Amino acid sequence: MLAYIVFILSLITIISSVFAIIAKKPANSIIFFLIIFLGTAGIFFVLQAEYLGIIQIIVYAGALLVVFVFALILVGDIPVYKKNPLKLQKTFSIILVLIFITIFWSQFGILLFLPGASNLIKFKEASDISLIARLLLKDYLLPFELASVILLCAIIGSLYIARKEAD
Amino acid sequence: MECLSHPALVLLFPLTGILWNTFFGFKFKKYAGYIASGMIFLSFLISTILFFHHSQSNVVWTKDLYTWIRVGNLDISISFLIDPLSIVMLLVVTSVSLVVHIYSIGYMKEDEGFVRFFIYLNLFVLSMLLLVSANNFLMMFIGWECVGLCSYLLIGFWYKERAPVFAGKKAFIVNRIGDFGFLCGIILIFLNFGVLDFITVSQHVNNINPVIITVICFLLFLGCIGKSAQIPLYIWLPDAMEGPTPVSALIHAATMVTAGVYLVARCNFLFGLSPCAMNLVAITGVLTAFFSATIAITNTDMKRILAYSTISQLGYMFFACGIGAYSAGIFHLATHAFFKGLLFLAAGSVMHSLSGELNIFKMGNLSKYTPYTFWTFIIAGLAISGFPGLSGFFSKDKILISAFSSGKYLLWLSGLFTAYITAFYIFRMIMLIFFTTERFDREKRQHTHESPYIMTIPLIILALLSIIAGYIPIPEYLSRVLPEPSFVLPSSTKHLLELLSVVVCLAGIVTAFLIYQKNIISSSRIKQKFLKLYTLLFNKYYVDEFYDELIVKPVNRFSLEFKNKIDDLLIDGLFVNGSGLVIKLTGLLTNLMQTGYIRHYVLFILAGMIIILVIIL
Amino acid sequence: MGILSLLIFLPVIGSIVLLFLPKEKEYHIRAIAFAFTIVTLFTGIRTLILFDSSLAGFQLVEIKEWIPNLGAKYHLGIDGISILLVLLTVFLSPICVLASSAITKSVKSFHISLLLLETAMLGVFLSLDVLLFYIFWEFMLIPMAIFIGIWGSGNRIYAAIKFFLFTMAGSVFLLFGLIALYIIHYKHTGILSLYLPDFYNTHSHLGKLFFLFISFGFAIKVPLWPFHTWLPDAHTEAPTAGSVILAGILLKMGVYGFLRIAIPVFPEESQYFAPYILGLSIIGIIFGGLVAMKQSDVKRLVAYSSVSHLGFVMLGVFSFNLQGITGSIIQMINHGINTGLLFLLVGMIYERRHTREIADINGLAVSMPRYSSIFVITTLASMALPGTNGFIGEFLCLVGGFKYNPLSGFLASLGVIVSAMYLLLVNQKVIFGRPTGNNVNLKDLSIREWIVLVPLVSFIFLIGLYPLPFIKLIETTILEYVK
Amino acid sequence: MPEIFVIRPEIIILAIALIILLLDVFIFRQWKGPITFIALVGLIFVGFQLREFFHKIDFYPAFNNNFYLTFYSTYLKILFIISGILSLLSANQYFCLMREFSGVYTSSMLFSLIGMMTLVSSKNLLYIYIGIELMSIPIYIICAYLKESSRCVESGIKYLILGSISAGFILYGISLNYIWTGSLSIDSLNVQTYSGLQLAGILLIIFGVLFKISAFPFHFWTADVYDGAPTPTTAFMSTGVKSAAYGLLALLTYRLISNKNIVYLLSFISIFTMTVGNLSAINQNNIKRLLAFSSIAHSGYILIGLISDNILGGYGMLFYLLFYTFANLGAFTIVGCLENSEDEEYGRSLGAYRGLIYKRPFLAISMAVFLLSLTGIPPFAGFIGKFIIFSAGIKSSLYCTVIIALINSVIAAYYYLRVIVFMFMHKEREEDVPMFYPFLTLSGFLVIIISLFINIYLGILPTKLLNSAYTAYLTIF
Amino acid sequence: MSLVCVFGTSLLLFCIGLIGILTRRNIIIVLLSIELMLTACNISFVAGSRLVSNIDGEIIVLFTIAISAAEAALGLSLAILWARLTGTTDIDSISLLRG
């Protein structure tokens, strides 16, 4: 049952990501991205990482996409800078990416023989939130703090960069 | 006496002369010539002392001065070898030089390079004395090269003109070709004998492979060929006549050019072991004697005729050495030094009186104006022609007799024929200069005069020497050190041969007399008859042109090509600058990859990643 | 501080003193630079007095810890191979200072470079530690390139870059070889050491390769025939002092490297490659001379003559016998003196005429007789006339060459002819003839120029006529070396 | 000893950064001088702190073995601090004539420093990821720092996009490794029996790090970003960031060196990196791009030290990084100095260096020393660095790589020499542009004189530092 | 089997993100594509966490989300700045520096 749900969610995510990439209008892309993020969150839920799923929805689908929308609004409809032909670029990109997929996918084959390969269910009964919290404040205390520094830095930077000088 | 008999003293005086004239000569310009001559006179005195001293004790002396080079077993001293051979050479050299020095005081009086001239002359004498008194090959080589240097400097004495400088260069380079052989020979001697001094080498000579000895002899003989202007390297000597005439007399007739003969004589212990080399020496000598004599027949330049004659006479000397008659060779060397020196000096006197005229067809009847010159010239001419009673007769005859007795009749015959030609061309010259009609310009006649005493007295001295030198028992004296050919002729044959050569000599003189003085045989008719031969002879067998085409030009062209194609283009252009260029161009290529587009960069990165992944996974 | 350190660092001290002098005081700068080179010269003479020529090994050795991690020590020493070169260096330096009075641009930097150059050269000859050696070896590039680049003439920048890159290309291969030796020695013994004699007789299956690398580095410096093309450019464009040092000492560093490093470290390999190297030297001797003959620039001609002369030196070195190696060292000294003199002389004429084209200069014998006599003497010494120094070296080299292989000696002897050809050509074109144009009124040598020339000329005759003391100085070492 | 102790330097720097931000906004609105001063004092203090660590603590694990304080990390941290101090001074010189200098720049740099310091102490891939991001994100800001300059902004965007992609690769690589080993510990990379999946993951991580050290084929951003960014930023990137990336790469390769494939891979990358870097630099007339490409080439050289499987290479690399920091910072400070005093485009071109010796002999000579040091000409420090690294390479029988590196250093000599030629051998052409005299402030002077001293000192007497590097490398875990 | 399917999804998303970066002109979409790549990594981590029965994978996702947000914010502000400077957000316009 869960396997089917995961499968369907994956399918949705992948298809919408393809659409997001090929969509002509940026706004449409953003809509598809919303679907992607939601689909991802769905996968998280199925994998019983509810906390992450929620965060995913809040941060990505909620905050981040809004920022993108704002940016889009701020920038406005942008004329194409130069008519650079992208055909060659596209062909090469697709070929390379296909090779990339092939390489990695062939490596995944080995996972099929692992014992837990189809085990979608959580490994422990204990709440993962508390476990995460414990780890965050113990093993990963430093990264946790540093992540905050990163955010601070990004805030200051964005402020500094995007601010129009008063003069 | 004892203290004065050190051979180094012989060298010391010219050296003093050089130093004095170099540093103070320009202040006391007038005395430069006297000082130089005085120094040579002192050298001459010392040589004489040496001679007497030595003839009393009658052994081979060696005197070490100091060690020059000592590297391992290569141990070379500056040391002197005094034996009859070197004493003869010392005496000949110092005496002729002395005369030439005195003569030059008059001859070079007006020249602005007066002091320089005497510096060079002294330097030359110094080197020549070094050469002949050396106790080992390498020291001899010093003298050998230094006389070449002096020759170069003196030929190019009038350095403002193009021709003398060019001739000097030619002389030096041709000499260097010979020196190259000599040097190689010396090194081979050292490698095989382990020593370089003559005495030790001569003692060990039997232990060495004859093939090596032959090679060494060939190489040494190459040196002789260069220095003594033998075929095929004689071409520099005629050109060397660009130098002042005293120089031609001293260097290019009397002394330096005979160094080759001296070397062969000195190395008789080597040559004696190599019949092959001996034959080569003899054949080269005869050929040279013959060919250069033929060239002299048609030449019109007084000094060049003498030059070819010198070459020819040198050929005789080699011929003598080649058949083993070393003492005859050296004897001829000595007599030749006197009469050829005299010829040149007299020729200089002629030039002096005709303000530098050289073409014998523009002279004539000079006997009227320049009696001393005339008579001395005649004496010298007779001497060289082998007129009986004069020195040339004795020495030349000795050579021819030795040749006959050695059984090489063909060589002997050509030697004899050459003697005829010699007599002919010398008297052709004498006729044209001193007899016949006056053919020189009118205004020159006003100045035509006999040379001053300072020039004529040397002529007279030399004339005397040319006469009496034949009576000095030089060969006997030399036979103490030089081997004599073993074969003896019955005295009747000997007299017959002597008679034959007298006849030949007279025939030559008479022929010249008939053609040029009496015009009984018209020279132009002969010219017409043998036009091809005449042109060939007149152009000196085209040897200069031949060398020019075969060696000089190819070397020049090759050097130029090598410089342009190999050095500049291939090595510098292609390899050095080319690699730089390739790197620069590749750099442009890598710069092209920096397109500035982010998507390109990502694409490149992705491609690189994929390539690595494909290879590794 | 030992005397060798003093020798090396005196010029550095001098350059530091100069650094603090205002650059307007040109006279003082010259005077101080000269004073320091003279003091160095005296130190050199003192070294000579302390040097015991009867001992074979290194003398006056100084050792101090330097970089223990790498096994590098501050290790100086002198022996028969280096003593003459050291003396030549300290001898030529004051002459270079004196000869540089025509330099008016950046006098201060000029003299600083000169002094630094002297240090570098002395360092190369005196270091026994490979790292130290290489540091001096490579450091020398900078002042020299600056010399050419700043005070050079005409195409100086091209020449400076070419010099720098070309010689550096050689030295990186040298570096590779040296490091390889260092590592091999470490792997054999487990000791990190950069002491040069430790590397002697190294065996490695890649020995041939390493030998080639090291030789390549040295061959470029020598310069051996196909690697010589930097030399004409560098020589031609360098200022007089630069040319003198370049020809006089720098080129010797290559040969010194062969003698000190390449051959003792790889005796078998050098035997193996000797025929090839000899072949190249002979090509250099003959073709260098022929190409010299076709040059239109006097300095280029002299530069190519260096190629030819250094060919003799290499011939001597690679004959591996006493005469050859002694000859090569003597020949190096001679070449330093003769070619140095030639460059000084050419520099003097360049100061007067501002051209080096052979076609433009003629008849100097008329306008400058004294100059011309010195010039002719020098060319004669350069073409190895017996009685001058050139002969001693060349003869010994040829003896060595013959001893090794008569054919090679024979071919090399042909150089005797070639050298006469090109040097007489210069004499003919430049010295003799009737002067035309600007050549008519030229001032003959000044007193300063006499002071510059006379010591060198006297050495021409001193070595030529009485070379024994010089030979004795190096003999013991080379005897030991040949074994 | 509490765990907080080991991260004391980072905390202090963080505190300074925050203080600066506050001061910038509230107190020093117009005059920004004290900001730099405070930052400098703080950094020097931290430096001494670290020096103390270096003498005391050879190994101290913290945060459940995820964070090690070792000699190795301390050495590198001191290096970062030095780079930070000098870059700050350089920035002070660079921005002296601009109004824009503010606390944002300083604090960003400090944030980045924290990231680097974390990076080299981490024993956990999560820490490493965070460290990389913390190191990079402030750099994006200070790249685009001059907002009016499209070049700066472009370099910021380029670096951001490409950097994020590389971070994405690292992250994906970490995930692949995690899937296979179930651990985020760096020790899980220690592959004895690896699967393709894990190897792919490891390779992706390495690619990401190679991107940071701008190795071929991940170097494309380097020139553009270095060129566009304000010069002190460039200096900081080419020294601090690069050293940090190298510190990390050394930690990774230390665990992977037994895998011959990876060694071959890295040696090939090293060959290509230096060759491409040098070749691209040859035709450059823009001095910043020239130095950028040269820094790519240097990455190639340092890689040799990394892949040679011996201590010599390790401490050679550490030594090399240190001298390189000084030489590059000195050079970039001079570049900034000249760039600032002129019309921007001209200031970056080689033409601005024409005849510098006659105008500013001190600058010219210092620049020459830095460039020669980078070339590897003795007696400057670069030579010792190269000597050790190449020795290490030969010791590991990487003959081919070392030979190519040596040939490359000749090619490099060409373009370095070109600059020197411009400075020393060309006369300043009068008709070119009006004469200008580069303006050098005290801070710029300090940077140059310190770098000069260190480059000469380390070239002649490197023993002390080599000892430190040696002890540091012994504790690489 | 199902987890492998999730891994496949993550790989595909990662690659689609790459294609987006490679082929789209708009900086904003490019930034979004980067987010897509990071999301793909997140999926991989969470699935991996299930596979190896270990919570670390989930924790790193937390950090990734935070950091990607920070990156996106910074990227967007730069894009806006660029648009303000040049009037375009075409990624090809960011090619002043080259060669």
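Each chain carries a letter (A, B, C, D and E) given by its place in the written order, and its residues are counted from 1.
Quick note on the criterion: contacts are C-beta pairs under 8 Å (C-beta built on N, C-alpha and C of every residue); 3 or more make two chains touch, one makes a residue touch a chain.
Note that the structure is predicted; figures quoted are calculated from it, not measured.
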Chain closest to the middle, measuring from C-alpha centroids that were averaged per chain: C
Remotest chain, subunit B as reference, centres from CA atoms: A
Chain pair with the higher count of C-beta pairs in contact (B-D, A-E): A-E
Interchain centroid distance [CA atoms averaged], subunit A/subunit B, Å: 102
Rounded Å distance, subunit A centre to subunit C centre (Cα mean): 70
Length of the line joining the C-alpha centres of subunit C and subunit E, rounded to whole Å: 65
Chain centre separation (subunit B, subunit C; CA means) in Å: 37
Multi-chain contact sites of subunit C, meaning residues that touch two or more partners: 165
For subunit B, residues that touch 2 or more chains besides their own: 580, 591, 594, 596-600, 602-603, 606-607, 609, 613, 617
Shared-contact residues (touching 2 or more other chains) in subunit D: 126, 130, 133, 137, 140-141, 144, 147, 156-158, 161, 165, 176, 179, 196, 200, 223-224, 414
Touching pairs - complete list by chain label: A-B, A-D, A-E, B-C, B-D, B-E, C-D, D-E
Contact set on subunit D toward subunit A in their complex: 7, 14, 21, 63-64, 66-67, 104, 107-108, 111, 114-115, 118, 124, 126-127, 130-131, 133-134, 137-138, 140-141, 144, 147, 156, 176, 179, 195-197, 200
Contacting residues of subunit D [partner subunit E, same complex]: 125-126, 129-130, 133, 137, 140-141, 144, 147-148, 150-151, 153-158, 160-161, 164-165, 167-168, 171-172, 174-176, 178-179, 181-184, 223-225, 227-228, 289
Of all residues in subunit D, those that touch subunit B in their complex: 157-158, 161-162, 165, 169, 196, 199-200, 203, 207, 211, 216-218, 220-221, 223-224, 261-262, 265, 276, 278-284, 411, 414
Residue ranges of subunit A in contact with subunit D within the complex: 103-104, 106-108, 110-111, 138-143, 146-147, 149-150, 152-154, 156-157, 160-161, 165
Subunit E residues within the subunit A interface of the complex: 1-9, 11-13, 15-20, 22-26, 28-29, 31-33, 35-36, 39, 42-43, 46-47, 49-56, 58-59, 61-63, 65-74, 76-81, 83-84, 87-90, 92-93
